[in-house]
Amino acid sequence: MKAAIFEGAGKPLTIGDIPSPDPGPHELILKVKACGICGSDLHCTEHGPFTLPEGSVMGHEFSGEVVGLGTGVQGRFAEGERVTALPVIIPPIPPVGLEDAEPWMRPDMQPIGLGQIPGAYAEYVRVGVTQTRRLPENVSFEQGALVEPLTVGLHAVNRAEMRSGDNVLVLGAGPIGLASTAFALRMGAANVVVSEMTDQRRALAESVGATATIDARGNVLEQFAEKTGALMPDVVIEAVGVPGMVQQAVDFVKPRGRVVVVGVCQQQDQMMPMVAIMKEVGLQFVLGYEPRDWDTVLSFIASDRLRVDHLVTDRVGFDAFPGAFEALRTPSTQCKVMLKPE
Amino acid sequence: MKAAIFEGAGKPLTIGDIPSPDPGPHELILKVKACGICGSDLHCTEHGPFTLPEGSVMGHEFSGEVVGLGTGVQGRFAEGERVTALPVIIPPIPPVGLEDAEPWMRPDMQPIGLGQIPGAYAEYVRVGVTQTRRLPENVSFEQGALVEPLTVGLHAVNRAEMRSGDNVLVLGAGPIGLASTAFALRMGAANVVVSEMTDQRRALAESVGATATIDARGNVLEQFAEKTGALMPDVVIEAVGVPGMVQQAVDFVKPRGRVVVVGVCQQQDQMMPMVAIMKEVGLQFVLGYEPRDWDTVLSFIASDRLRVDHLVTDRVGFDAFPGAFEALRTPSTQCKVMLKPE
Amino acid sequence: MKAAIFEGAGKPLTIGDIPSPDPGPHELILKVKACGICGSDLHCTEHGPFTLPEGSVMGHEFSGEVVGLGTGVQGRFAEGERVTALPVIIPPIPPVGLEDAEPWMRPDMQPIGLGQIPGAYAEYVRVGVTQTRRLPENVSFEQGALVEPLTVGLHAVNRAEMRSGDNVLVLGAGPIGLASTAFALRMGAANVVVSEMTDQRRALAESVGATATIDARGNVLEQFAEKTGALMPDVVIEAVGVPGMVQQAVDFVKPRGRVVVVGVCQQQDQMMPMVAIMKEVGLQFVLGYEPRDWDTVLSFIASDRLRVDHLVTDRVGFDAFPGAFEALRTPSTQCKVMLKPE
Amino acid sequence: MKAAIFEGAGKPLTIGDIPSPDPGPHELILKVKACGICGSDLHCTEHGPFTLPEGSVMGHEFSGEVVGLGTGVQGRFAEGERVTALPVIIPPIPPVGLEDAEPWMRPDMQPIGLGQIPGAYAEYVRVGVTQTRRLPENVSFEQGALVEPLTVGLHAVNRAEMRSGDNVLVLGAGPIGLASTAFALRMGAANVVVSEMTDQRRALAESVGATATIDARGNVLEQFAEKTGALMPDVVIEAVGVPGMVQQAVDFVKPRGRVVVVGVCQQQDQMMPMVAIMKEVGLQFVLGYEPRDWDTVLSFIASDRLRVDHLVTDRVGFDAFPGAFEALRTPSTQCKVMLKPE
């Protein structure tokens, strides 16, 4: 089958031919219909300690059609069903001694599209049956491929332990910041203000419902107060991921407020613990999501309470894909770029 | 000034003339612009242990214009401002020994419109300055008078300790059930299903966004499963308030689920504790709201995320008011009836 | 092997001979060293809707020595090890479609000693390997057999959502009330007051550390205030289980307080919801425990922070067992009665 | 009256004569019976941005006898009563516009002994009546002067959101680490392990009940696993306050664990956010306590569940006090040093 193959840091992906996957007993094969490019894919194809092995196939934000069924699937899915899936495979039989563990927390969980199990920058992808979710009738394949990054935002908001009426400041209006914005609004925030650099991204923030946007290059708290009437946010969600942002979030948040750090800063960073102490800040770092969050996101899209189509700014086939991927390494006005294999 | 006066259980209100109120140092006088009729007003004008004293003036869901200012108000409000207020007066200086207590929890708090301080079924009403909230420009007086019952619904949802993605079942589509529905939807519920008796009320539930409605006279759980795909609700909000409803809520809720009881059953009731034990049910009884909930509701209305105008089904002046009040004692299709003094 | 067999409601247990159990692949066989009599065993041997099938072997509070190992146990336990076990067997391979479920919440979980899998009123008992817990060296078999009821008390306290410094009132000083008392004291309570009928039981409450005891037949709140200086408890734990107790607990608790109902009232009960509403009471019904609670209880006993030996008031062999069992049907001064098979 | 006066950074305190305080209407004057030296006192007498003004009288951990009463105290305290007090004065009448605020969170709160209101390194100290707590009969003045630092430890543990059975690692065995240890043990921890540099401090940790101690200079996690059987702690409490400790705490804690930072690092610090993200760490910075925590600590001491006398390693009068104070600037085996004015 066709796939976009990682050839090593500094080199563009190539479109090549690799063997199609076969389903294990508790697995499905999907014909990929849409797969988003995630910022992490860009990061882990750079030189550094976390570079993927050559030959890897990435792609962990996808949807597709069921075309192959493992022997243990037992009628739970049928060929032709439209689905998305958590990008992990969890063996159905727990390792000896871990029968009591929550499956999602088990060490034998394997990621899809991040170096271990080949991902969905390909015609077909192999997924776990218990990780697969049907797309409701009115949810498109593209929306299905957005569920993964949206769920990251939902989880970030969940861990903010918001009270209804809280004022929220989101730093960064990439896909993750936008998803966090959308869910903060749907989980009782009074104001959700988004701080960003460029006009285009601020416009996107408004399109997902941000009650106000501010210019990240100006005085953030002054703009925040002007837009909300509140001096400081109750909750700050950091969705940028460069050095200095954690301290900024701590500086911005209200005394006794909460900061959720979803942005991934891979370098050493600096902070002033004293500032966090004097305000009794709670700093929650977050990773990924819980399985049930996927169902929540799907039900929000299906009931038309989460409009996300405009987050997809570009759609490309295999031929244009390596170029589109490289283009994302430099600042742009794109939001989510989708591989559409056919 | 004109006011609707309670003449004793079994008698209609009369429109009479009573002295206009004077503001205490930390109080304001409002010219009443709108005041809703609450079910509790009907209850406490019936024969029984909780009947109000004769001569009482009710009305605790109101908005108005500031026309009088106490000497200690010190420029915090000006004449002509459009406001609503929590229906309680809390003396600004705490009683000796309670200086450390949260004002809202203090025993020297006095309700407005429930027998102690005269309410807003009148031309003017006296309120506490710290309990007063400005109406944002785009919030009408009628919307301002809806804030009180809406806030009861918000508080009920707050105490449900919902997780995003929960399925919620609301019992009853009166103003309180409808408010609970609207807020459950805005605080992360996947589905909010409303159970009611009549078509008209079910239509109202749909108009506030219920993802489905069901007929309370049929098999509730069967209809719930059909509409949601989930066997049982994670959260049940009981907003009816007649005997048997608490047990019904316990019967409907999922194992380890939560029941919030906002409906007020004033009689002895029966239940099977064993059923609640076997499911580890959490049963949270709720009363009123927290002051901060008022700001939340106002900010939701102001940002156009809570459309509530259609909850007001009738508007009457003083002359028609006693009749409209009595009419609510028998089942009707009305939702919120408003006194509009001019 | 020898076992105490249930012959039907109204008849005493008989000591008979039944086949010894064989271990399934993920199971162990224990030689029973001690097994407590639980109040539920008395209840489910009475006439009523929940009577056990004739021929059942009860006993769900036990400890023993490993004498048999299933083929899939793979060195996780060895013969001769001293253990206790949760009285449930959970098949290691989840049912199709439930691979994602927490094992403990799965419907294919089977209780031991309550009619399905034979219990430990016998020489040997069959248990699940993942449910088995080693006894630390300094924990005796008798202490091991107390872990189950102690854990019920720990779980009740866990679900009270106590804040440090809370005043707790425990209703009932049977094994469950005493366990709740011991754990409330170890989880930050300022005062733990136990209400009971008889002097002997009150003495037991003091021996587990209750900061005061009161006479359940007198005015409970008056005595509570006298003993603690606080008007009302923040938390009430109901550990009696007869009609009227839930309402009593609601009457006693502080406004905005929490009631945990662990006592099992199997009959219809009455309550006044209005009282619970006016105080915004939270009523948490509880059942059993979480697996991790077993480790907690064991670590408390092992580190000598929970002295429980005096809770065992009687020890009997097989011959005396049926008589001891029947004797518990009438009020007594006993606390925990243990079967010691040898 | 006699007092120990700060003469500027780099100079020892001097014992001088200053005017005795007069009580404001809602204030009391205490004759100081004991006052502890806090590490913060040492910090804020060093050169730096936070140096106290010359002439300041420090001392915020004290107890004493009531010798003067404000005109508004109205019989709530009598001369001769034995008390301790929160080291803050909160005016009884809230500022205009803040009548609704929790007193404890108000900006007009003034600290005692940190530069604004003179502290208890003196014969007399002025305190707020609502902040004053009676010492129960069996609580000594020295114990009373320990309440403040003990309460810091209680608050740290409260904010750890511990579940019963958690394993806790405390970094540092100064007074704050020891207090945290004592309370973690009383709030349901299974193991509380203390990491420290010196044998003497480790011995102190054991004396407050630490289930194990480890050498901070060795491999902390290895020692932790050896002592507890658990790979990593569920909760880490950082009570050292030097650069690098926050990252250490993050490194040590279990995935999805919680870190409480009570140690105050006044300098710029470094950390790797990526590590915290990959483990979904929650980092709670804490400051001080809540007023109700004081009552909790007092009730624990009074009911003999918290033995703390041995934390006081030295007692000095005024003459020896400046020397004792300076001596604490270099490492020592002392724990709490008390000024005993008479």
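Letters A, B, C and D mark the chains in the order given here, with residues in each chain numbered from 1 onward.
Rule of thumb we're sticking to: a residue touches a chain if its C-beta (ideal position, glycine included) is under 8 Å from a C-beta of that chain, and two chains touch if they have at least 3 such contacts.
For each chain, UniProt lists the protein as follows: A, B, C, D = Zinc-binding dehydrogenase.
These numbers come from a predicted model, not from an experiment.
Student: To reach chain D from chain B by way of touching chains, what is the minimum number of steps?
Tutor: Each step joins two touching chains, and the minimum needed here is 1.
Student: Name the chain pair with more contacting C-beta pairs, choosing from C-D and A-C.
Tutor: Pair with more contacting C-beta pairs, C-D versus A-C: C-D.
Student: Averaging over Cα atoms per chain, report the distance between chain C and chain D in Å.
Tutor: 40
Student: How many angstrom lie between the centres of chain A and chain C, each centre taken as the mean Cα position?
Tutor: 45
Student: What positions in chain C touch 2 or more of the other chains?
Tutor: Correct list: empty.
Student: Sort out for me which residues of chain D touch chain A in the complex.
Tutor: 159, 246, 261, 264-274, 276-287
Student: Under the definition above, what is the set of chain D residues touching chain C in their complex?
Tutor: 154, 157-158, 163-165, 183, 185-188, 190-191, 211, 292-293, 295-296, 299-300, 303, 305
Student: Report the residues of chain D in contact with chain B in the complex, numbered from low to high.
Tutor: Touch list, chain D to chain B: 26, 72, 74, 76, 90, 92-94, 96-97, 99-100, 102-104, 129-131, 291.
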